[in-house]
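Chain naming follows the written order as A, B, C and D, and within any one chain the residues start at number 1.
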């Protein structure tokens, strides 16, 4: 994955959450482990999904957002101790799926970028994204120009 | 990522390793967590790299294989308790990088597939893959037809 | 915790489960991380609880086994790659709680021991351990002499 | 472990660090997993050790602090999302070992307490704690009365 330059800039993303690194994120090479970095992207996705789909809406609708695809670019080594800012925004919205773009920033440098495809499902499988959720996702789109 | 059908078949891969699931791999939805599944692919990569690059070769050469890109397709829910078979093979070999293809099998079903780009580096950055390592990687290629 | 010598012997335990180490269990010091080792003990507990309390019994009774206390002695460094054998047995049984003793073996050496207090609860709190479960736990007691 | 009441009070501890919970800390029961909670205590220990033993001191002396024993009391369920405050202080100091006391606070409630024995070692094994380090540890003692 070669993300376009605007996706490596913090200002392109409507949301972000600060996630301090933990000693347990390190691996034997002394930098943040590739798999552990997945957990930072997960926090960004959860943050965006909580913003777009309030708990009541999810409980009422019985909808679940399942991950279908995760693509991560490792751009620089990330270090402990210290915080990582996980930036998140919506890249594309389809009929029953949407794509979240994420980027990790440490000391102002972009150390990684991720793209995740999520499918909205009920107990029978994929369903069309309801209008209210679609509007919420539209409001969290990435800003390509700024 | 939409992996070609042969990549969802165990027989296409030259290597595999059995990784039992752990309770800690579960998440609150009751199936194996997306990030935790990353750890299974990591075991497959480590297994292939140990086969291709014996410890002595790595120590002598001072080379490191750094992950540049990971792309995962989630194909079915995976469960605990039970084993996952992680199948691994080489998809492509470039000048200084190579691509490992991986797939997870549980109860004979392919529950996920992954593609990882690794770059061979020394302390100054990317280097050409040495001939012996290139030959080892060639010997571990995926079998598209079988 | 200074476990009695018989608790460092594999033969003292009625049950065991093999858990291969994972690269992700390592920390920056190059050996298995203290917190990650907790996951091995968790597998031993889950194994024992599945043996003592079959799924149907748990569903029917609505009982949950909650962890109240975990005490771990780190006896030697543990390494990757390689398997760890997690041995498990019941140390003591109280009115509503019981104690599981565990030990980790790698290459025949005991690398750690653990003692966990679990409390049997329903939705209102601690309850007396039902007779069938008590009998099952009695059958999984550690053997002090052998 | 039944920690004395003062150990469940935030004000007894000289140091603390805020660690946000992560989705990955949850388990299938919907609360923070027992093993994952170990990672919070690890952050508290690392925080205290960085305060007591500056990096230069550790590099110069070649000393390592190895964990010999961890004892955790689980006092209440902890939840996601939300922060956990990990409080840390020194409980006892021996010739070559010291004991760190820790407690976890979420929404002002103490949800867990931990006691960790660490041994100061060089490449030949346990060594006497150097005077400067001993003084630093003395300065980080828990306050039993306040």
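List of remarks:
Definition applied: a residue touches a chain if its C-beta (ideal position, glycine included) is under 8 Å from a C-beta of that chain, and two chains touch if they have at least 3 such contacts.
Keep in mind that what you see is a predicted model, and the values were worked out from it rather than measured.
Its C-alpha atoms fitted onto subunit D, subunit B is found rotated by 180°, rounded in steps of 5. Residue numbering shows that subunit A and subunit B use the same positions for more than half of their mutual interface. Between the interfaces C-D and A-C, more contacting C-beta pairs are found at C-D.
Between subunit A and subunit C the centroid-to-centroid distance comes to 37 Å (mean Cα coordinates, whole Å).
If you average the Cα atoms of subunit C and of subunit D, the two centres end up 23 Å apart. The multi-chain contact residues of subunit B, meaning those touching 2 or more other chains, are 23-24, 29, 35, 39, 42.
Those residues of subunit D that touch subunit C in the shared complex are 1, 29, 34-35, 38-39, 42, 64, 66-74. The part of subunit B that touches subunit C in the complex is made up of residues 18-20, 22-24, 39, 42-43, 46, 50, 81. Those residues of subunit A that touch subunit C in the complex are listed here as 23-24, 26-30, 33, 35-36.
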